[in-house]
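Taking it in order: structure first as structure tokens, then the write-up.
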Amino acid sequence: MSNPDLFSRLRTDCHDEWNAYVNHSFVEQLAAGTLPEACFRHYLLQDYVFLIHYARAWALACYKADTLDDMRSATSVLQGLIDYEMSLHIKYCQRWGISQAQLEQTPEANANMAYTRYVLERGMAGDALDLLVALAPCVMGYAEIGRERMAHPATRLEGNPYRDWLEMYADPEMQQLATSVAAQMQRLAEQRMGTGRFAGLRTTFSAATRLEIGFWDMGLNPDS
Amino acid sequence: MSNPDLFSRLRTDCHDEWNAYVNHSFVEQLAAGTLPEACFRHYLLQDYVFLIHYARAWALACYKADTLDDMRSATSVLQGLIDYEMSLHIKYCQRWGISQAQLEQTPEANANMAYTRYVLERGMAGDALDLLVALAPCVMGYAEIGRERMAHPATRLEGNPYRDWLEMYADPEMQQLATSVAAQMQRLAEQRMGTGRFAGLRTTFSAATRLEIGFWDMGLNPDS
Amino acid sequence: MSNPDLFSRLRTDCHDEWNAYVNHSFVEQLAAGTLPEACFRHYLLQDYVFLIHYARAWALACYKADTLDDMRSATSVLQGLIDYEMSLHIKYCQRWGISQAQLEQTPEANANMAYTRYVLERGMAGDALDLLVALAPCVMGYAEIGRERMAHPATRLEGNPYRDWLEMYADPEMQQLATSVAAQMQRLAEQRMGTGRFAGLRTTFSAATRLEIGFWDMGLNPDS
Amino acid sequence: MSNPDLFSRLRTDCHDEWNAYVNHSFVEQLAAGTLPEACFRHYLLQDYVFLIHYARAWALACYKADTLDDMRSATSVLQGLIDYEMSLHIKYCQRWGISQAQLEQTPEANANMAYTRYVLERGMAGDALDLLVALAPCVMGYAEIGRERMAHPATRLEGNPYRDWLEMYADPEMQQLATSVAAQMQRLAEQRMGTGRFAGLRTTFSAATRLEIGFWDMGLNPDS
């Protein structure tokens, strides 16, 4: 097969951005349990708005799918987000003293808009592969962050107020989603990736990763 | 409220197309149990392809939604189609001697493409209201056909091979969907319908209704 | 290079549809000068509406372009349509006794909607290559029809009321557009066509060709 | 008429963001001739990438237009950008020692992506009015900045290296474009703005204005 593991290739090729993203200071402080709570709360508020546009991206993936199987996968992620993860997020935020009303009134930060609109617009202008590649830093990155930080020697589990956040992304279900999205990307690459397309996909992956970095930066600046 | 019942207004204003659609010869023959089976089988095959693009339209409605509530409604319809109605259709077709393989290999008829692509493209070019108005002849029309034909004196129930088809669309769940889509259209109209917009929505509704007529015409011509 | 001439490959692979399209009875009668004038007038009226959506497709091609060069090409076609060809069509129609007011009030025929919305929707759901492949039967087909019919022994030039129509599509500028769109398709294929994509592009090309056949059928039925 | 001057209403209602945008420190320093050249060069580089996506937004406006007149206006802006303004920008940059090759290799800054993708995605998800409202801070804001700064007592014209930039946006043609886009927005509002829609349009206008502020912030930080 001519396109061996597109995601691994993108991740390797965008090594610098990827490292800056998955090992961002926000992540390190979170894993060490030293992240100021104001930062985490700001992140949680913005993440609520993020989830809405992330769900829209999966609706778009369903609309753009070439096969019924891909429609099914996208619908399953979308439904999981709408029916389950959004409520979970609301409940989780309540434990951090954030009410649903606060979540619903959160003004969207620029860095938040930047990432989701980039993904949605790239997906709309391009095809389902462009969309998945733009989504990959989120799906695969968060799974990697959860998995690696749970196993990382510098991670403090005992008494770490952010432990359940790490556990959520280390969860087998999240790992499974990342694996299945990578496989779907690979199948799409076999269809839709000619010899000259890698450069364009790399540009998308790099941009999306840098916008994820921007999201963590925003997390560290509660006034942004 | 300034836009009293947009759907009723459209239905009344497009009286001729609407009647030609809901009282189409295909419908009358189906209700009388006299429709040639070849026509119904042709319809069932095309309806399978239709369902795929109809599901895509609800994915688009979710992407285009202005509110989380509208995202939820659209996701619920989409998931119902993908997880439930498509399997139901496959099982139903088996009782008519049509295998899943046949369904999956059905070449899409022009009249089928015409309707679904019109709806999807109108929705993409316009907003969520344009999309719902283009979908309305399908959602509300089938519910009306099911409801009215079940109550119609000319309908033959006993021994009618198409009885369960009529019952399916007369079902309270389908009626409920039609009612809730009409309400959603109405809410969107309050937001997005200025004094000059009715004419454009009427054009969309009329075109979509004529394309539904084309779908029935196709049903009567199994070679189309 | 691994994708030798995508357009030729599609045209060869969809031999039957393509022949039925470029040698359609409407075309033969037009070239022989025997086409009933009512058919041609019906065609001209619908073609006016067609041009609007065809222009929209080139606007979409500009939006979807990966490179500034492709944006430039699409903008150039779009501007030619909007600033020049639409006025030309209006003037041409006046010579056939059709006023601009009549053109603007033409109700769009189902077969007309079917083709343009299919193209637009395929382009929106897919990428720029899907869009161009859906447009190809129109761009390349009309150029081929003009070129071949002008050279065909059965074509009557003297006294043929449709001669200037044939000449318009045989014109070097139309031939040049067809050549340049084929080249653009080829460049996009090198980028965006993996080993498994041909089948999907073939489906699009075949469907669009069949919808073009539907357009000629409509021309032969002035009441459609 | 029920929607008196939508643009003025939005501008008034988003007074704080608007002022922070049109009177941004970048603008004041530029008008005073005190802006560090590195900031201006950074801005010029990013503005080149901006122009590409801005042109795509007008292609989208053409695709989304409800009328041939609106298609014409959008095509005219698009063609002006592609055939004229981009070359003008390239020439202008050469005078600042920036080569075309440098422009073409500019990595797009996050704040740049944020604004254009927000506009494009808002336009795609919504209708032509949502798109124009998202574009308005750019079209009307730059015209206002040019016009007001040229007349402002604090503006230094003599020896100001940025004088021609101000003159370009104060130019009658730019003023005319702003006026005509405001009029088009108003016409669309009459069609597509129901009693409940202002809040949503305000959200869009406010977000786009804040993203324009982010663009100026980026200009002041050449390393961003």
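Chains here go by letter, A, B, C and D, matching the order in which they are written, and residues are numbered from 1 within each.
One rule holds for everything that comes next: a residue touches a chain if its C-beta (ideal position, glycine included) is under 8 Å from a C-beta of that chain, and two chains touch if they have at least 3 such contacts.
Predicted model only: the values in this text are computed from it and were never measured.
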Note to self: Starting from the defined contact criterion, work out which chains touch chain C and chain D both, please.
What the structure shows: A, B
Notebook entry, point to check: In terms of residue numbering, is the interface formed by chain A and chain C classified as same (over half shared) or different (under half shared)?
Noted result: same
Note to self: Using only Cα atoms to place each chain's centre, name the chain farthest from chain A.
What the structure shows: C
Note to self: Rounded to a whole Å, what is the gap between the Cα centroids of chain A and chain B?
What the structure shows: 36
Margin query: Suppose each chain is reduced to the average of its Cα coordinates; what separation in Å results between chain A and chain C?
Written below: 42
Check: What whole-number Å value describes the gap between the mean CA coordinates of chain A and chain D?
Finding: 30
Item checked: Shared interface positions of chain A, touching two or more other chains -> 56, 63, 124-125
Check: Connecting every touching chain pair, does the picture come out as line, ring, star, complete or other?
Finding: complete
Item checked: Residues of chain A that touch chain D when the two form their complex -> 56, 108, 110-111, 113-114, 117-118, 120-122, 124-125, 207, 210-211, 214
Item checked: Complex contact set, residues of chain B against chain A -> 52, 55-56, 59-60, 62-63, 65, 68, 71-72, 74-75, 78-79, 82-83, 86
Notebook entry, point to check: In the complex formed with chain C, which residues of chain A make contact?
Noted result: 2-3, 63-64, 66, 124-127, 130, 189-197, 200
